[in-house]
Structure formats: structure tokens, C-alpha cells
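Order of writing sets the chain letters: A, B, C, D and E. Residues in each chain are counted from 1.
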Amino acid sequence: DEEITDVAHLSEAFKEGQISWVDIHGFGDRQTIQQIGDLFELHPLLLEDVVNVPQRPKTEAYGDQILILVRMVQVYESGEIDMEQVSVILGKNWVLTFQEKSGDILDPVRKRIRNKTSRIRNSQSDFLAYAIVDTIIDAYYPALELLGNQLEEFEDEVIMDPTPELLRKLHRMKNRLVNLRRSIWPQREAINRLVRGDYPSISENVRIYLRDTYDHCVQTSEVAEMYREMVTGLMNTYLSSIANRTNEVMKVLTIMASIFIPLTFLAGIYGMNFDHMPELHMEWAYPMVWILMLLTAGGMLYYFWRKGWISLDASSVENEE
Amino acid sequence: DEEITDVAHLSEAFKEGQISWVDIHGFGDRQTIQQIGDLFELHPLLLEDVVNVPQRPKTEAYGDQILILVRMVQVYESGEIDMEQVSVILGKNWVLTFQEKSGDILDPVRKRIRNKTSRIRNSQSDFLAYAIVDTIIDAYYPALELLGNQLEEFEDEVIMDPTPELLRKLHRMKNRLVNLRRSIWPQREAINRLVRGDYPSISENVRIYLRDTYDHCVQTSEVAEMYREMVTGLMNTYLSSIANRTNEVMKVLTIMASIFIPLTFLAGIYGMNFDHMPELHMEWAYPMVWILMLLTAGGMLYYFWRKGWISLDASSVENEE
Amino acid sequence: DEEITDVAHLSEAFKEGQISWVDIHGFGDRQTIQQIGDLFELHPLLLEDVVNVPQRPKTEAYGDQILILVRMVQVYESGEIDMEQVSVILGKNWVLTFQEKSGDILDPVRKRIRNKTSRIRNSQSDFLAYAIVDTIIDAYYPALELLGNQLEEFEDEVIMDPTPELLRKLHRMKNRLVNLRRSIWPQREAINRLVRGDYPSISENVRIYLRDTYDHCVQTSEVAEMYREMVTGLMNTYLSSIANRTNEVMKVLTIMASIFIPLTFLAGIYGMNFDHMPELHMEWAYPMVWILMLLTAGGMLYYFWRKGWISLDASSVENEE
Amino acid sequence: DEEITDVAHLSEAFKEGQISWVDIHGFGDRQTIQQIGDLFELHPLLLEDVVNVPQRPKTEAYGDQILILVRMVQVYESGEIDMEQVSVILGKNWVLTFQEKSGDILDPVRKRIRNKTSRIRNSQSDFLAYAIVDTIIDAYYPALELLGNQLEEFEDEVIMDPTPELLRKLHRMKNRLVNLRRSIWPQREAINRLVRGDYPSISENVRIYLRDTYDHCVQTSEVAEMYREMVTGLMNTYLSSIANRTNEVMKVLTIMASIFIPLTFLAGIYGMNFDHMPELHMEWAYPMVWILMLLTAGGMLYYFWRKGWISLDASSVENEE
Amino acid sequence: DEEITDVAHLSEAFKEGQISWVDIHGFGDRQTIQQIGDLFELHPLLLEDVVNVPQRPKTEAYGDQILILVRMVQVYESGEIDMEQVSVILGKNWVLTFQEKSGDILDPVRKRIRNKTSRIRNSQSDFLAYAIVDTIIDAYYPALELLGNQLEEFEDEVIMDPTPELLRKLHRMKNRLVNLRRSIWPQREAINRLVRGDYPSISENVRIYLRDTYDHCVQTSEVAEMYREMVTGLMNTYLSSIANRTNEVMKVLTIMASIFIPLTFLAGIYGMNFDHMPELHMEWAYPMVWILMLLTAGGMLYYFWRKGWISLDASSVENEE
């Protein structure tokens, strides 16, 4: 539980006979990574997987070392979701973890280690590896919850107020979910291989714990899948909603135009300057034209009401919104 | 068959040599749960799955105890569907059930226990566990029937009267079905593991009964899937229906505008004030203009009728609605 | 081959040493069903599956009795498709069939039994069960053919004349197909279990026949699936077709409005009553305005023709329809 | 290699000890088919599969005879694709093929047989059966290529000129592909069963050749699937393209209407006949009104240009098309 | 490491006891290919797969030779993606590669061979084959990255500026991705067969390296799948975006028409020439009409503002774009 920046010191700190957890941040210095690799006798392909991020989450045995690649998810205040590869290497009596950036997601594990009576302190390295992986998987729950809350907000907006801005948000959300699912999905298989007992260095007892982690993996992957399905549904609803609004706009236009265009035509008729237009000189012609116009307008309104385009309900404006 | 609120009393009530069913409601008191866990010697991971709801439905063996996690569905009068995790733990000669809220869904089981001659009273604990799970699964049928009835109502509305309100209802229905399917789906697998005989503490005889429960699981999951497909279909139909209506609206507008705009133009021509407009002074000009207008309008109507935009059928208004 | 309405008589009619087929219609009388169950020593769960219709098609062994649940399809003249559960129970030397309503779908089997030289009369009960199931599966072909013919009719209509009525028909068709597929699908698995040889009471020889029935199951399920895909395609085509027509309508409106609105404006200009409008008093002004109007209209027409909105082809009206 | 129309002659021609290929066209005469069946000792179910076309492509063993049902595809000049069932029956030292219509698709096989040094002449009957099946599968490539070329033609048209006629063509193409895929798909499995070695009468050596045929099956089925996906994509693109065009049309209408309707209103104002309209008598009123109109029109144009509805690019007409 | 154009020389250059890599470009000369086939004792079917391009990627054993068919991807500056089949044949102590066109994609392998201390030079032929396949698979990453960058560019455009040109680009991109996926997909299986140990000539040690290649295959296929899903999403977003814009255009038209059409009608009324129109002679009639018009226009604007069609926000033009 100390911070070491020099590999030589690491070599000293790493005392045989004790279970050690070495947590390495950043891969800046290729040579240092190589030294660590030599110290722990890591397979060159294993080192490559650790350094060339992002790899697909997986579990892989190299001799009696097990490489567990998982993705750590972090939620920023801006709502953005960031994913980072964490490599957990389980050796005989040590656990090595590599991550690119420093994060505090593994703090709960550290706390449990410092606690002298905790189970983690009194168990083998496989239990420590389980604790690390479990903590990383559990961090998906708050991330998914955040996305779920955003989805719920979008749901009302999509029908009430479908703006291009919302479309863009939905689009971004969908890509984020597609991306998220892509990293959760292979984790199921990776953890499952640990549970199934492919690796003898993981004890039966720890496998029962890992079974729980596997269940969480499956659950998060199903939630991510469900959200993706829901956001796809929302985008279709968006299209329907826009079509609805266009229909609404068209009805207003059609009603206005259909009522006033014939009336304007009638007015145009009696605005003509022919010498011989007997109606112009009749005394009741002007009011008669008004009556004719009102009848025409009334007829159109009745027709539109029959078609259901006009509702007499005064609250229609409110309802639409 | 008594209500006990104190764990100490439970301990007394729990007499060896008899099959007991302990039904626990609410997880308010962490400590009580722990005491129950100690009393029944439950694995800590099992207790965690029971308390941290909702877990994914599953069956899991911890030693010779079997944890069966299922989702109970309850339909409220408002049409809302509520799901709640029920944990059934099958021990040697007892069955423990945990649920968060009190519900009367398990009443049929209680009734059968009180009946002295019933099979449930004279069987082992595995049969009791079956009876509880079967009762929970059977409760999906009325919930699905309710959703099916709502879907049927929506079907006509979608073509007759596609309002934004209906779109919202369809959207909610879809999410409800996605959610429902998500809890039914893993239950298939969970029950199947009981049927397959992975657990020796479930007798061959009870497995035949569980096979029936499994069939019901599969059937409900297929119905939920079919409903989800139908509601997706309805949302697409909604879009088509709206497009149809917009087309209808556009036709009316186009017919009105195409007939009257040229006529208004003609009227406008003879409303001009040029000094030299010979037509204005002809005697038959005014009736000629009327004839020209009628011909124009008739020509347009004929064109629209040819295009099929106007139907001579008087019942067209009714048909559209 | 006689009609018996009393279970007591049935008991007599059922002579040991002969292969009997007992066909029971309707489950009205719970007690009678129970008597039959006792007579044939049916498992209570088997009886439940028989009576509580509709169950999911399946094959299930209860001791040396095999329950085969299939769905019988019947096409009515109105084009409606009706499905009904038929339970075939294969015992040592008898076959029991249960169906709710009377139907003549099994008549071909009866005819073959009456024919003394037919294979069915000289075989074991498993061949009789095969003959019944095969006859039921074969009845799917005419039902699918009818749906196929309807689909073909819809295909032309969807592009030529996409009315809301057609949309409704398509929607109904889709639900019918979803429903149909849902009952055909599990039949595949049910028949496959008979073919695979899970049940020793079905002889190797009959299994070769059942393999053929299985192939028919797969074929009908694939046709139903293909039809469902086609009807989904038709509904999308419907939407495209409507969009097309709206586009067509809009073009007419736009052409009419774009030509006459500027002309009406021009006419409006010279209908103004200003004292000082020199054009009004020019001798050639009126014809000049006409020329200006014709040029404007011609320009618009040329622009629309360039855009491809107007085709010079006289047959355009016909083509569109 | 002779044409025989009488079964009696066939019986003679069929000499023991030689590998024979009997190719039968048309199933007109039920009795002849039965005679052939008797001659070759074919299982009645096998004969039924051969005669009742179309069956689902499959491989089925009846004793030591193997029935291979495949679909032959033929492309007509009109672009239509015709499929026909070919039944290949592999016996001890003969191969029987049944097809409904005469076709020249198997000519390459005949040519290879006539060639005395060819491998086909010097091999067992299983190699002959392979050669026939391989020739039939290879005929899918030109059919798919033809469809691929048509698809490519549609691709440009869909964006450039989305007519209802094109929609119909796309729809037909889709159905053709759905149909094609439905016959290619089960062929994969059918050929795979031959490769896997389920049938001892197919030698290891021929299985290596069949592996190649299987690869072609998989490849054609993948191409058909890809085409189906592409045509679905095209139909969606069609809808987008139509929506685009409607948007284009609407913009023209809106621009025209929005510019001229206010101007016409202005002209209407000064066409009123009120006695007291001081503007009418002002000397500069008429030119002022023109200036006002030009400013209004300019303002609208500027607004539309800001919105991006008008492009100053002279080539816009060309671009749109 | 020399270029040889004559097969006779090849025969000499190919010295027993050394691991050789023979890289052949172009299949122009059928005879040469045959000579090479004879020299290396290649199975005729193997040669056929090599020459008849493109075959589906696969691994196939012919005796102790292994044929590995993969697709090489090359990105041109124009953004086009070109795929070409590379056949890698692994013999006892040689590796043969065939490719149609010359490319520099295998240069890294050549460089490693020339380096005397490199692992590749000191290993068996199976390691050389691995190095070649790995280099080819790794070339998918830059190709996918390029497509990913293009997709990102399209994402903004789709909502900001959905032109027909963009639709065409999206369509092309989709087809390219469908095509790419189709060649990556079977490579997974091909490489997996090498990893699983189906072929004894690949040593355990090289299999560990191939496992890495397999992981890259899976990752690239998942990225291609994700991109395809994203481009499908983009095309749907495009449609929504267009619908949005049409709605926007319609609103402008409706607002303009609804405001000015009634006003024009009013102006038309008082442009009529009836002898008896008392309003015309009232002194305050003209200003009253103006007031009436302003009230009408204001009422319409208020109505549209209530409906949310007009936003008072001055930045609305910017926002929309």
C-alpha cells in the first residue's frame, strides 16, 4: 500500500511469501513496463495486451498467470461516460493491475485491505483479484442509472417537444449505448471463464464469489441492451411525433386556405370592372354576397369538423402541447 | 402459519422434523435479516442476493440450499404493472421466502397448506417450493391478458384516430413490455435448471411438476415477445396512418387551391384599371368570364378525379373515419 | 369407430389386445374428463395440459404414455384462420385424442382406418399417432396457401392504391401471421423430440415417417416466417407509397401556386387605385402585362420541367396509377 | 448416356457392376415413377419427397440409399429467376436424378462423363453424385451476379429518380431474394451433413470435394443475405429520398407563397375603393409602394437564404438531379 | 528473399532443410500456377481455391498442408477500401503465399526476416505463417479507423445539413461496411480453427500467438458491426432530420399564409365595385380596416405562439442551423 515510482524499489518492496497488489498507472515509459514484465516474468503477448489499449475484454491464461482484461467505466459530471481498460494479472501470490489514468474507482478495495480484519486481507491472491474485478463491474450500475434517468427525461420531450437538438441528444445517447454494450458484452464471457473453472489457480470458494460478479455482468449487459432498444424506440417515436406535428400544421394551413381562398375569389369577382355586371347595381347584392360568403365558410367548417380536423373542445391547444 | 415479528420467536417456532414455510416481508431491518441468515445458516452471498433487489431471476445452489429468485407480477386497477423480487430458499425441511412488500399473491398456497388433505401438506419441502414458484408464474397470465386487451383497443384507434396521446400510450406500453420480457426471460433458464435435475434435493417427482411450470414460463415469455412485436408493429402502423392523413389533408388543400387560385387570377385580371381593356366594354364579357371560370374549375376537377384524388362516392367522409 | 357419449360404454368398448383410437370432443364436463383420465390412468398434469387450452405445442412423456400437443389450423370461407389444440395421447395399445370443437380435419385418418388393407390398420398404435399428427400438420399447407394468395393481392394494391383500409388489412394479416408462427414454431421442436428417439415406445420404423412430418413442420414454419417478413416489407412499402403520393400532390400544389400567385400579384398591382399610375394610361400596357404574365408562367414551367416535376409524356396520369 | 422413355428398357440398360446415372425428367406418369421406385427399391417416403415438389432441400438416408434434395436455379433473359427441385439419389453403384422440367444445367457433367479420361468416369457413384450437386450449386453464381448487377443499377436510381415504378421493382427484387435465400439456406445444412461423414457410403476422398461444395453453399447464402440486406437498405433510402424531394418541393412552394402573398395583400390594400384613402392621391405613393414591395421581397429572400433554403450556387438545379 | 519469375529457378532456390517463404503475385499464367502446384505437391482443390478469387476466408487441411485464406484490406487515399484474397499455404518447412496484385502490406514481415536476430528467422514455418496472417489482420485497424472518422463527420452533417449528396455517401458507406463485415466474419472462424488445435502442424507455442490474432479478428469484426449499426442509425436520423426540416418549412408557409390570406380577403371585400357599400363612404372606414387587419394578424400570431410554432428567441435562426 505504498506509491512507488521506481521499478528497482518495486523489486525490493515485492517480498516473497506475502500477497502483494501492485497497481500501475500510465504506460508512458515503455522501458519501465518492460522491467516490470521481467520482474514478474510476464509473457510478451500478455504485456502487449496490457499496453496496447483498448483490447477486447477477455481472460487468458499464460502459464500459471491469468490475465483479466476488463473495462472500467467512469461517469463525469457532464454526463459523458468514459471507459478505460484495466488489466488484472493474477500470479501465484501477487496481483498486478495496470490502468492508463489514475482513478479512485478501486478505493473501496484499498480501504478493505487496510482494514486488518477484512476477509480480503486474510485470503489468497485470487480473492484479491475477485475483489478488484467485482468493484470494477459494480461501477457500471451508477453509470447505467445515469443513462436511465436521461432516457426517462427524453421520453416526455420526444412527444411534447421534438426539436432537432433532442434528435442530436438521442443520437449521441444511442452511440454511447452501442459503445457501452460493446464493452460489457465480452466481459460476460471473460468472467464466465473464471467461474466455469478453466483456471486451476482460482479456488472453488472464490468461484462462488465470481458467480455473483458474473450475474452482475449479465444484468448490466441486459440493462444496456434494453436501454439501446428503448433509445431506438424513442427515435422512431420522434419520427412519428414529427409526422404528427406536420400533420397538425398542414391541417391549420388547409383549413385557413380552404376557407379564405374561395371567399377571396368571390370578392375578386365583384372587384372586376366589366361595364355590364348587373349584380353590382342591385341594392341587396352586397349583403347577399356577405351571406353567401358566410355560408361558404360555414360549409367548409362543417366539412372539416365532420372530418375531425376541428375539435370544438376549447382545451385543444393545451392538449396538443 | 402464524405471523412472527421477532426473530427469537421464529427460532422457537422452527421445530426440527417438520416442514416449515417462513415468509418474510420487507428488508427494513438489516440486523433481523442477519439473524435469520444465521439461524438458517445462509451463505452471505445468498443473503446479499435476497436483500439487494432487483436481482436477475436465477437459481443458485449454496451447499444443499437452493436459492430461487423469481419476479412476482401484480396488476393494479390503473393498468400499471408492478414487479417485485421474491426469493425462495429451499432448505432440507424448510422453505424461506423473502419479499419486499406484502401481497396476497401467495394466498392460494396458504389455503392449500391449511387444507389438511392437500398434497402440499403431505409432501416434502421441494413440493412446497414448487407450489410457491408455480403460483408466482401463474400470476403472469392475468397480467398478460390485461396487456393483450389494451393492445386490441389500441389496434383500432391507431388507424381510426392516431393522436399524440395514443402515441404516448403505445410508447409506455412498449417500455412496459420490454421490461416485462426482461424479467420473464431469465426465469425460463432459472426454472429449467430446476427441471434438468442440476440439484439433487429436488425429487424426480417434483421435477415433473416443475416441467409444467417451465412450460408456463416459456409460454408467457413467448406471449410477452409477441406483444412487444405487435406494439412495434402498431407504432409503425401509426406512422403510416399519420402519413395517410397528411396525404388526405394535402389533397384537400391542393384541390381547393388548384381550383380557386386560377379563378382568382382571372378575376384579378378584369379588376385591373387599365384605360384600354377592350373586354371590359363587351356586353357578353362578364358571362363569358363566368363560363371560362366554370370550365377551368371543371377541368381541374376532372383532372383530380382522373388521378383518383376525388371519389364520387358520397360515403367517402364516413369511410375515412 | 363408433360414437360414444358415456364413459361407462367407453370402458366396455375399450377391449384389451386391440389398438383403439378414442376421439373426444369438447371438455364441457369436468367429471367425464376425470373418468376418462382414471380409465386410461392418465397423470393429473397430463390431464391439466389437455383441458387448459391453449397450451404451447410440445411432447411430454408421463411414464410410458406420450402426450403430443399440436395445433390444428382451420381456414374459414371468410379468410379467417382458426387454431385449436389437439392433444394426442399415445398409450401402449391405444391412442386418445382430445379436441374442443368437432372438426372434419381427421376424416382422412378415419377413412384409412376403415379401409381394411391400409397400413394404418395393421400397424401399432405409434403409427396411428403418427398418422393423426401428420394429417394435422399437412392441413397447414392450404391455410398458408390462402394467406399467400391474399399477400399477392395486397402487393399490387400497396403501390397502386394505398388506402387506410388496406393498411388495416395488412395489419390484421401481420397479427395473424405472428400468431400462426407462434403455434408452428414449437411444433418443430415437439415433433423433433419424437424423431430423435427420446421415447422408446415409438418404433424406429415410425420415426422414419415422423422425420417426414418434421420436415413439413420446418417447411411450414419457414413459409410462415417468410410471409411475416413479406407483410412487414409490404407495410414499409405502403409508407413509401404514401410518401410518394404526398410528394405527387405537393408537386401539383406547388406548380399551381407558383404559377398563379405571381400572376395574381401582377394583376393586383394594376388593380390599385392610385391617382398617379402612368402604366394604366399607356395604350399597350394591357397586352404588355399579358405578355409579361405568359413569360413568367413559361419561366416557371421551364424551371419545373428542368427539376423533373413536369413530364411532357401525355401518359403520365396513367403511369402514376 | 442414352434417352430411355420406357421403364422396361431402363431395367435392361441398368447392368450390374457398372456405375449408371439415370436422369428422369417430369413426373407426369405416377405409375412410371412407381415402377422406377420398385426397380431401384426406393423407400415410399423417398419417392414421395421426390414427387411432391417443392420440398425443403435436405439430405436423408433410407437404408444405404441417400436422397439429396437440392434446388436448381435458372436465370431467364427477362431477369426472372426460376427454381426447381432436383432429387439426387445415391445408390450402391448408380445415381438417380429427378427433375420436373428438362434443363441444360447438367450438361457439363454429361460432357465430363463422355470424356473417357475424366476423373468422373473412373470414380465411384459417390463422386458422380458430388459432380451433379456441385454443378447445381455453381449455377447460383451467375444468378446472384445478375441480381447484383440489377441492384447496382437501382442504387443510383433510388437517389436520382425515385419513381413508384422503381419502388415496385425494389419490392419484387426483395421478394425474389427472400425466396432465393429460403432455398439456399437449408442447402448449407444438407451439404454439411454429407461432409460431416454421417453417411458411410460417401468416401473420405469425395468428402474433401464436398467440403468445397459446402463452402460455395455458404458463400452463395451469404451473398443472397447481403443482397437482401442491401435491398432493404435501398427501400429505406427510397423513403428518405422521397422525403428529401418533398422537402425540396415544399421549400419552393413556401418561398413563392411567402414572397408573393404579402405583396398581393399590399396590392389588395390599394385596390380598395374607400372614399377616404389619402395615400391614393399622393404623387409618390405608387413608386413608394413598389419600393416597399421590393424591400419585403428582399427581406424574405434574405431570411430564406439565412435558413439555407436558397443557395446562390447557380448549379443547384443540376446538383439536385 | 529474392524475386524469381521462373518456376524452374524457384525449384532450385527451394533448398531442403531451410524454411522458405515463396510469395507469388498474380495468377496470370495458369501453367505456372500448375507447375508451382506440382512442385509443392498441392491438392488440386487447394489450387482451385487459391486461383478462383474471391473465396470465403477459411482454413482447410489437405494432408499435412494447411491452406489459410484471408482477405487483405487496403485503404486508398480516395477513401475507397479495396479487399484482396491472400492464400497462405503452410507446408512442412515452407510457406507459400499467393496474392493477385503486388502490395506492400507484408513489408513488415520481410523486414523482420532480414533482421538476423528476429524471432521469425529462428522459428519454424508455422511461426512465419502466423506472422503473415497477423500482419494482414492488423491492417484492418487503420481501415476501420478511417471509416470511423468518416462516420463521425457524417454524424454532425446528418442533423445540420441533410442533403441528397450526404444520403448517397451514407448509402455507399453502408454497402462498404456490409461488404467489409462479410469478409471479416468468416476470418474469425478460420483463425479460431488454427487456435483450437485442429491442425497438428501448428505448435502449441504458435497457437498462443494465434490466440492474439484471433482476438484482433473478433475485435475488428465487432467494430465493423458497430459501424454498420451506426450508419443504419444515421440513415434513420437522416429521415427524422428531413422530416424535421419539412415541418419547419411547413410552419413558415402556414404562418405566412394564415396571416395574409384573411387580410387579402378583407382587402378584396372593399375592392368590390357594388354601388351600395355603405362602409366605403364612411370617413373612418379605411383606418378601421387597418385596425381590424392588425388585430387579425396579431390574433393569428398569438395563436401560433401559443402552439409553440413561433419562438420569441431572436437566436432561433441560428439554433435551427
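Basically, a residue touches a chain if its C-beta (ideal position, glycine included) is under 8 Å from a C-beta of that chain, and two chains touch if they have at least 3 such contacts.
These numbers were taken from a predicted model, which means no experiment stands behind them.
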{"item": "Type of chain A:chain B copy interface by residue overlap (half), same or different", "value": "different"}
{"item": "Whole-Å gap between the CA centroids of chain B and chain C", "value": "23"}
{"item": "Rounded Å distance, chain A centre to chain D centre (Cα mean)", "value": "37"}
{"item": "Multi-partner residues of chain E (each touching 2 or more other chains)", "value": "236, 239, 243, 246, 250, 253, 257, 261, 264, 268, 271-273, 277, 320"}
{"item": "Complete ring sequence of chains beginning with chain C, oriented so that chain D follows", "value": "C, D, E, A, B"}
{"item": "Residues of chain B touching chain A in the complex", "value": "43, 45, 48-49, 55-56, 58, 60, 62, 161-162, 164-165, 167-168, 171, 174-175, 178-179, 182, 232, 235-236, 238-239, 242-243, 245-246, 249-250, 252-253, 256-257, 260-261, 263-264, 267-268, 270-273, 277, 279-281, 283-286, 289, 317, 320-321"}
{"item": "Partner chain A, residues of chain E touching it in the complex", "value": "155, 158-159, 208-209, 211-212, 215, 218-219, 222, 226, 229-230, 233-234, 236-237, 239-241, 243-244, 246-247, 250-251, 253-254, 257-258, 261-262, 264-265, 268-269, 271-277, 303, 306-309, 319-320"}
